[in-house]
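Following this line, the structures themselves.
Below are two complexes that have subunit A in common, paired first with subunit B and then with subunit C.
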Partner chain A sequence: MKEYFIETYDLNKWYKEVMALNKITVKIDRGIVGLLGPNGAGKSTFLNIATAQLRQSSGEIYVEGSEVWNNPEILKRFGFCPEQEILFEWMTGRKFVRELAQISGLSREAANKAAVEAIKLVGLTEAMDRAIKGYSKGMRQRIKIAQAIVHDPEILFLDEPLQSTDPLVRRELVQLIQKLGRDFGKNILISSHILHEVERITNKILLIYSGRAIAQGSISEIRELMDKIPFTIRIKTPDRKRLATILLDYDFVLNVAPDIENFEYINIRTNNSNAFYKLIQELAVESKVKILEMATLDAGLEAIFDYLTKRK
Partner chain B sequence: MSVFNRSYREYKGEIKGRFFRIWSIATQTFRVQFSGKKIIFLLILCNLPVISFTLMLIFSAIFFPAFVREFFLGGLGGVDATMYTIINFSFNPGLIFLPIVFICALNSGTIANDKKNNSLALYFSRPITRIDYAIGKALSVYMVSSFVTFVPWFVFLVTFNLLEGVSGLAIKTVIMTYLSTFASGFLIVFFMGSIVLYFSSISKQSVLGGILSILVLFLPSLVASLIAEFIEADWIQYFSIALIIVAAVFLIFGSPSTSMFGMNFFESTLSGGVAITLMITIGIIFLLMTINRLYREEVS
Partner chain C sequence: MEKLYENLTKYEKKFSWKRRFGPIYRLYLSKLISTLFKQGKSWIFNALILLPIIAGPIVAFSVNYMLANEFYSLYSDIMFRGYFGIIIPLFTMYIASTMFNDEKNNRSITYLTSRPIHRFELVIIKYLGYLTVVPFFIIVATLLNYLSFGILAGLMYFDMALRFMFVAFIAAVVYGAIFMLIGLLFKNPLWFGLFFVFIWEFVFASFSPTLRSLTISYYIKSLIVYPINEYGNSESPAVFPGNYADGFVKLGSPAKALTFSVVLLVVIIVSIVLSWAILQGDRLRVPYKAGKRPGGWKYYLKEIRSYLITFGIIFLTVGLTLGPVVGMKKAYYSSTITNITILPNWSWYTPGTNTKPSVNDMGWGTMERFTVRKNDSLRFMPRYGYSSNKESFQAALVLCNESTFTKFFESCQNLWFLWAAQQYQAPYDSALFRQLILNYFNLAQEFLNDSIAKLIFSEVPIETFTSYDDLTTPSISYQASTKTTFYCVLLIIDYIAVPNAEFYGYDFGFVVDGIKTRIGSYVLGFVISAFGVGLIGLAIYSLATYSSKIEIERYEKKVAEFEEKNKNIAN
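Presenting the complex of A and B:
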């Protein structure tokens, strides 16, 4: 068995003049892997090419060593949860999952049984005989996962599967995905634009930004990187002048400036978040600096992507 | 509280073959296309000629004296001539718009709706090729369209045979009539269905697909009638869908004697061979164009 379940070489995809994927060459490890990137980064395009929805403009992609385009033999082993919200609205959840199981090659009886079990697994049994048009966003998400796992595929592609789910369902879906990957040995590629969401499921990630694969590795490495990236903190305080004077004495504070939109706030740029937060606590207690509000402005994924892109 | 306190079960059963998967697409689509309430009304409207003939047969058998019934059944001619006449009634230039509108209206959403609802992703991630998808959808279109062709025709044939009875010598004619009816129906369904299927694949809007297929099926006849004002030539008639159907069916039925109550109906002057070739070729071309289009289709 190969070490990687997906391999791509110079994978490109254009939508007319727009380049959605730009020379992606990656080898994705077995197990659960998070495909991380902001909206419009090319995650869905990558998943659509990997599942034979789209054909690449150039380059090569292999899943389990086989080309996927027009290859039903490899597609038999796939389960795909697409991002789109609209499904076969007039169908009941059970019928929807059953019909798709049949198209995967399960006999009617087996499909019906498998559909009921898959629906039960995602916790939709009570709603399975209701039309999908009456489903909430979270329920739609769950029925999409049910149709992806109904035929017991070896490889799962999940496009933003936790989107629109409530915290309880989200937790359970995370457990389900982990179970499928760890206990049943499925290879899972799961896309998301939220780091902590993926972090709860897996430690292995592939970062995509503006159609390019910019980093691959463990989330802990990304976390370390986050701590080194300069970022801005916005503080509301009546002691603006005093706080600014104190802060500028420290090396890890790069800049202090009043907020242009609201002069009650000051914006502090730092390259060491841990040291900064420790200092703020000390100042509040020892120097009696009044801190009314504090918020981080750009410590999200976007900042990491920007940083990695510029560094590249 | 845990929502998913159940364990995942692996599937160890059989995975069916390619034909089963194609058939699953066909039947699923067929059920969707046939689920509307307006369908029944359209169906009755399009099958009015067949329904009228069938009801006439039944009423004459129940309410009329034996000699009237014999006159009526005898007057219709043999079973083959009668069936041929019925087909021509349904598809004559004056009434052909009904089955065309039915076939186009019901099938124009076959692929368009999947595109509109982004359902293509759900299909194409299954173990099917785009050819399988196209064939599944085409089968569904042909099945739906059969409800204005050989399904009601078979109902009429069965009624006719039950009322008139089949003697030993007529068995061969009866069997041939059933086969010819099926062949004629399938030829029409394949020809028109493939055209509608193609136009259903070009847009997300089923209405647009329907309008375009109706135009494609009607425009040649209109153009031909305009040209015929200036040029006198037999080949112009090949532009008329109604006339090529008549010619094809006439040949399939073995050029039956079309005398009904002494009147000569629907004798075709066009070459049946050319008509059949045209219909099959056009059907295949549109089917191939649909497959080609699906291979170029990008899931949005």
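Presenting the complex of A and C:
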């Protein structure tokens, strides 16, 4: 049987009445994987469940074939850089990383050395003897990464690791993560809401949107997939017949039909929204088609599409 | 960069609890110390615990003079009510409930829980960290409070301060565990904590003794007034005549003190185990189809392990208390004190009225009624007695049934009325009075003959009584064959009338050996403690036998299921 990095089966998570994860069934291959989705999509919830910080409401999750909840055995192999900014404020950066390294199995002397090296790796050597209380956002981010890698874990979970770091540090961190994945063979799950960030690190992504796993694969595959999904767009116009005849000449327009509820509208189905929006603009200017109102009926999908294409 | 990281891969890793303990302990210790001394907010509570310091000088300077023991009685009051009643609970609430609460709320606990730690260790080490700092902090504060009082009054009663320091230590230990649990239960534990301290521990406790015995401060305060001497007075240095501690329910025996300590210990253990359960996210679920799940019952047991331990401990304690402690206490005791006074006249009585004298009014004896159940045995004995005219009388303890007693009592009343009507103020040695007495003696003799059991004695004071459990004490013993109401009568059956007022005082006691109660509590205690043992046994069984192998099987099964489903869809 092939062992995957992460497998989930019907994974659900509710926060009282809010559904954070909705029947997620995925199999993620080993390597560096980007977990992508807009804010509030459920990325952090997914990461927290994968690292046993939260417990799923139902369903199963396995990391390298082991259950994670209440299983310190698998935690030995984990490194986790969580989302929260608040650390153990009263400690110095070095002490913080050192104590955590020691909990992860290093001896006191080794932990001391490892902490200094890990901090050096994230470029925080100058500030390591200051209390965390006085750290800036970017410094906190780096110390979080340092504590995640200090014990050389086999599996890394990074929740928005590049957030609020300056471009120089970001470039270094990207290199570091890439190295860890490619040269040291770590399995890394990295979450982000910014596509190009993830794109620089890995090609494999898992797309989450409002608690559902929408797509999985390489970025180009997902792009293609998105293009194939037909959209329905509703337009209010007095020139319904004229517009319909014009539109039906184009091959990316699949169907044009009057709206059942309100005859002032027509519904157009297309499998290429980019081209369609371009066409509509041209028609409005050149052919003087009056368009009073335009809306998409597949709001969610459009948002993702929007998200994947326009944020670049 | 690559080289730097390569260094990290070289360190050897070893996982043992010893390696984990140090860093977590240091981490929490440093956190507690920074919370206690470096946070501005904490100083409000630190000031609170040192509040009695200003009370000493205020008391000393506001009065012109005060006796030393009055001054220290006031100190005891302030400590007993204010310090142990409110200040220590409030202080420990602030420290202990924030131990996990702020970490959980700002989720910084993630840095620990994402590492290979059993969450149980987290609770234990955290509590140990608390124990290292807070109780000693409170002891020092208690000492400072004493010094503030003592310096102005010559540092007397240091043993009282020692007592307070010892009990403050225990209070900090117990409240710490409770508030750690409360901090985990609530997102904002302050409100519940305030309710608990002010309403539950303070206000409810003053309503009724039963409610009071449900508060923690009751058990803690009881340790202040312990021990009690044979006269029922506290020998604690904190107790002064008439102060709050003096009015507090006192602990009787060392056994009771031990029971109280066990209660406090159980409170600590249960709080810790429940904290573990909550931190671990264990869910107490109905075992619906538990046997059919992959992993079966073992998986279910693993899920509820912490609850098994919690309820096991509670059941075991309740069972052991009900069985041996209640059951072994063979019987329940009752004693009644009466004075039998024979006077030549009865000032309360007005001739011509129909007010009949009660049993005790007639000056010949006293009566107690007792209902015993089937197979209960009853013992009935004189305890202490005294007489103004030694060896001038004979008395009897009589056990009889209702009809015998009623007959005797009514005859006596008639006799007494007759005498009172004929010569209300007959001299003590008059012929009429003597006749009355003689008639009464006849009635008494008749009554003795009709009784079920009797014990005649004439020694006063009676010094044979040692304890209720001492079977050599002269007594009446009787075992009831059915449920019966007995009349236990203490009766003067003969005396020499002298021209002075005489009185006989008696104190007599009953011992009802409730066999059913005893067997019942033994059986119930046994069943409950067996249930507790069973629950703990299940937890141990699950600890010993559950392995991740079951999880892996479960996982493989799930994968197979999933692939089967996919195949079907593809087909």
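Here is the rule we use: the second predicted complex is superposed on the first by the 220 of 312 C-alpha atoms of A that agree within 3 Å, B and C clash if a C-alpha of one lies under 4 Å from a C-alpha of the other, contacts with A are read in each partner's own complex, and residues count from 1 in each chain.
Methods note: a contact is a pair of C-beta atoms (placed from the backbone, for glycine too) under 8 Å apart; a residue touches a chain by one contact, two chains touch by 3 or more.
Just so it is clear, the model here is predicted, and its values are computed rather than measured.
Once the complexes are laid over each other on subunit A, subunit B and subunit C cannot both fit and instead clash. Look at A:Gln53: by the touch rule set out above, it reaches both subunit B and subunit C. Once chain A of one complex is fitted onto chain A of the other, the partner contacts of A:Glu7 are limited to subunit C, with no touch recorded for subunit B.
By the touch criterion stated above, A:Leu87 is placed in contact with subunit B and with subunit C alike.
Contacts of A:Val122 after superposition on the shared chain: subunit B is touched, whereas subunit C is not. In the superposed model, A:Glu67 lies in contact with subunit C only, and not with subunit B. In the superposition on chain A, contact of A:Ser104 is made with both subunit B and subunit C.
When both complexes are overlaid on chain A, the residue A:Asp152 reaches subunit B and subunit C alike. Only one of the stretches 2-10, 380-388 or 506-514 belonging to subunit C overlaps subunit B in the superposed arrangement, and that stretch is 2-10. Within subunit A, the residues touched by subunit B in the first complex and by subunit C in the second are 48, 51-53, 70, 72-73, 75-76, 78, 80, 82, 84, 86-88, 90, 99-100, 102-107, 110, 114, 117, 120-121, 147, 149, 151-152, 172, 175-176, 179-180, 183-184.
Note for the complex: subunit A touches subunit B at residues 15, 48, 51-54, 70, 72-73, 75-76, 78-80, 82, 84, 86-90, 99-100, 102-107, 110, 114, 117, 120-123, 147, 149, 151-152, 157, 168-169, 172-173, 175-176, 179-180, 183-184. Residues 1, 7, 9, 25, 48, 51-53, 55, 60, 62, 65-67, 69-73, 75-76, 78, 80, 82, 84, 86-88, 90-91, 98-100, 102-108, 110-111, 113-114, 117-118, 120-121, 147, 149-152, 172, 175-176, 179-180, 183-184 of subunit A are the ones that touch subunit C when the two sit in their complex.
Chain contact summary for the complex, subunit C toward subunit A: residues 1-2, 4-5, 7-9, 11-15, 19-20, 22-24, 26-27, 30-31, 34, 38, 106-108, 110-119, 280-281, 302, 548, 551-552, 554-556, 558-559, 562.
Listing the residues of subunit B that touch subunit A in their complex gives 1-4, 6, 8-11, 13-18, 20-21, 24-25, 28, 32, 35, 117-130, 132, 298-299.
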